[in-house]
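Structure, as structure tokens:
Chains: A, B and C, in written order; residue numbering restarts at 1 for each.
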Amino acid sequence: MNRPAPIGLLRATLALLRKDLLIEWRTRARLNAIVFFALATLLMFSFALGPDTRLLEKNAGGYFWLAILFASVLALGESFRVESENACMDGVRLAPADARAIYLSKALGNALLLVALGTLLLPVMVALYGVKVVTGFVDLGCVLLLGSLALSAPGTVYAAISSNARARDVLLPLLLFPLVIPALLSAAKATTLVLQGDPMNQLNSWLGLLLGFNLIYWGVGFLLFPRIIED
Amino acid sequence: MNKLIKWGLPLAGLGVLAAGWWLGLAWAPPDREMGDVQRIMYVHVPLQWMAMVAMLLNFVAAVSYLLRGNASWKLDSTAESAAEVGLLLGTLGMVTGAIWGRPTWGVYWSWDPRLTSEAIMLVTYTGYLVLRRFVEDPDKRATWSAVVAILGAINLPIVWFSVRWWRSLHQVQSSPKTVDPQMVLPLRVSAIGLLLITIFFLITRYRLALAERQAEVALPDALPEASGSVVSNAHKVA
Amino acid sequence: MTVRIPDTNPLAMPSLSAAPALALHDVSKRYGRRWALARLTYALPAGRSLLLTGHNGSGKTTLLRLVATALGPTAGKVEVLGHDAVQERDTVRREVGLLSHASFLYEDLTAQQNLVVLARLLGHPSPGDVADTLLTRVGLGRRSDNAVRGFSAGMRKRLAIARLLLKAPRIALLDEPFGELDPAGIHDMEGIIAELKASGVTVVLATHLVEQGLTLCEERLHLQDGRAVAA
């Protein structure tokens, strides 16, 4: 058994992503938890506002992304708890796996989870809030994908930090929430346009802002993440 | 030198600031629309400017810390002190802004891009300082908080831009400001006064922070003589 | 547990490599106010194995983690097979295998999946086969499809050593390999270490069982408060 040649960044990312998805599939702990959490959040919004369906429908975009944001805090924290058990992160680093591949795999895995969550929440929104997808599912898919990527890029960096700090449950939202305001704002705005029609053609500007946010934070995370996990 | 910083700097700062405020309150004319209320500008605007200067210093220190290979406690202490002083000045600036806003706009708060970004800036740096309290290991604390400082600072222009966009689609009136030249002088003098006080705060807080680091980090001179007889390489720690 | 060590790279043969297996030049490692290692200088000649002894907290684990590049030195220079552990970190990581207190095992994956994950990261063309072969070698063949969560301490140790063997390292860093093992397990572990040595692998062994260690290693380094002292 000779040692094979080292693998590149892309293959390492895929190998790690596959591992994370396998763990997720075997336990389904994260997806179950965040789906029920997000469902409960959506339900609570309707109780907090009373049975005014028109009001709920009008604000559906915002509630949808708030539910995803709250659930993402759980998902992000859990994605690093898996690695801190038995110091698995050390095992992966020393394999060796490129720290940037670790970042990409974690951030992509978290984004995928959020996309799955959003997809599951949509029928619930239709039922609870009476929303209609006006401009089409392609638009909605784009918003969901870009929004999830935008939450998970900085979220993964902050989850890596807070998973090793005291009071991690307080720290992660405290760091993450102010940071993702532009992403939350544009994703919620874009979703509202998708659900209520886009007469002034503003959707693309908001998608553009989300794309820009993504480019910046995926880039910065990619560059800075190795400094967080390497001594 | 030390005495100059400890006594000269704050006294000079207070003196200049008093002169600036006197100019602003007594010498400058009242605003045509807002009247005497506008005079809070000579307190509010310098506070905002100095908060920005402090946050910029924090950002520069954080970037330099990460670019340096070795842990630099001076840069880490600079970043910490700048964030704390900036948070203090920014909060005061925000409060004075709200006091100004009430009689001017009729509300303490409006979702104006500048106000919103500033509020988010205050939350961001509160998070930054909380993170520093929650990480015991000084090396990890320095690195992680530098990363958080950079991400948070990058975010502020994005917030400003996105909120402006968000509001502009709502058609909210902007508030054009025409500044009388007689208002410029008191503003400048007050700003210089506050700058001196800010520098005094920064230096004092920096010294405290550095002393804290030195209390929790064993410095190289705490090391014993080289052990073993084989080699004694050049020994360097930043 | 009979283990056949994979044929390692012929370069691993001591006669061909002039650089010392391990060279510490005035190495210090600080945790906050405490110096875990204080100006340690030591060289392990190629082809020799090293026994690390010392009380708890004397710096053994720190030393192993520095050589494994899990940690970076605060000052000084660590060289592994002539490679700088900081500048050429990935090269060093490929050459060393670390058996640590933490097992680096994912609790929710099966024994086989744990090895497959590492095999993929290392670029093995058929990770499943490699994993199965190694599991049989460490005597876990029949438990390969069980989740690690149900494993005993001894089984985890076996799986962790299989993880190390999978890397085919030229330097094996073993931190308390006999801990948590029953007498039969200790015997098996001695067999594995002996075979590792026979196949040209440099073994660095940190253990409290000085007698076992002395029969396995030619060199000895006794640490006290992070400094080398006469045993």
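Methods note: a contact is a pair of C-beta atoms (placed from the backbone, for glycine too) under 8 Å apart; a residue touches a chain by one contact, two chains touch by 3 or more.
Every value quoted in this text rests on a predicted model; they were computed, and no experiment measured them.
Peer 1: Could you let me know which interface, A-B or B-C, is made of more C-beta pairs in contact?
Peer 2: Taking the two pairs in turn, the one with more contacts turns out to be A-B.
Peer 1: Look at all chain centres (mean of CA atoms) and spot the one farthest from the centre of chain A.
Peer 2: Greatest centre separation from chain A goes to chain C.
Peer 1: Central chain, going by Cα centroids?
Peer 2: A
Peer 1: Rounded to a whole Å, what is the gap between the Cα centroids of chain A and chain C?
Peer 2: One centre to the other, that is 37 Å.
Peer 1: Find the geometric centre of each of chain B and chain C from their Cα atoms only, then give the gap between the two centres in Å, rounded to an integer.
Peer 2: Using C-alpha averages as centres, the distance is 48 Å.
Peer 1: Please work out the Cα centroid separation of chain A and chain B, and write it as a whole number of Å.
Peer 2: 31
Peer 1: Tell me, which residues of chain A touch at least two other chains?
Peer 2: Those would be 231.
Peer 1: Residues touching two or more other chains, restricted to chain B: which are they?
Peer 2: As it turns out, chain B has residues touching two or more other chains at 136.
Peer 1: Touching chain C in the complex: which residues of chain B?
Peer 2: So the residues of chain B in touch with chain C come to 136-138, 216-218, 220, 222-228, 230-233, 235-237.
Peer 1: Under the touch definition given earlier, write down the residues of chain B that touch chain A in their complex.
Peer 2: Per the touch definition, chain B meets chain A at residues 66, 120, 123-124, 126-127, 130-131, 134-136, 139-140, 143-144, 147-148, 150-152, 154-155, 158-159, 161-163, 165-166, 169.
Peer 1: Using the touch definition up top, name the residues of chain A that touch chain C in the complex.
Peer 2: That would be residues 1-7, 11-12, 15-16, 18-19, 22-23, 26-27, 82, 85-88, 90-97, 230-231 of chain A.
Peer 1: If we count contacts the way the header does, which residues on chain A are in touch with chain B in the complex?
Peer 2: Residues 154, 157-158, 161-162, 164-167, 170-171, 174-175, 177-179, 181-182, 185-186, 189, 202, 205, 209, 212-213, 216-217, 220, 224, 227-228, 231.
Peer 1: List the residues on chain C that touch chain A in their complex, please.
Peer 2: 6-7, 9, 68-72, 89-90, 93-94, 96, 98, 100, 102-109, 113, 117-118, 120-125, 130, 133, 147, 163, 167-168
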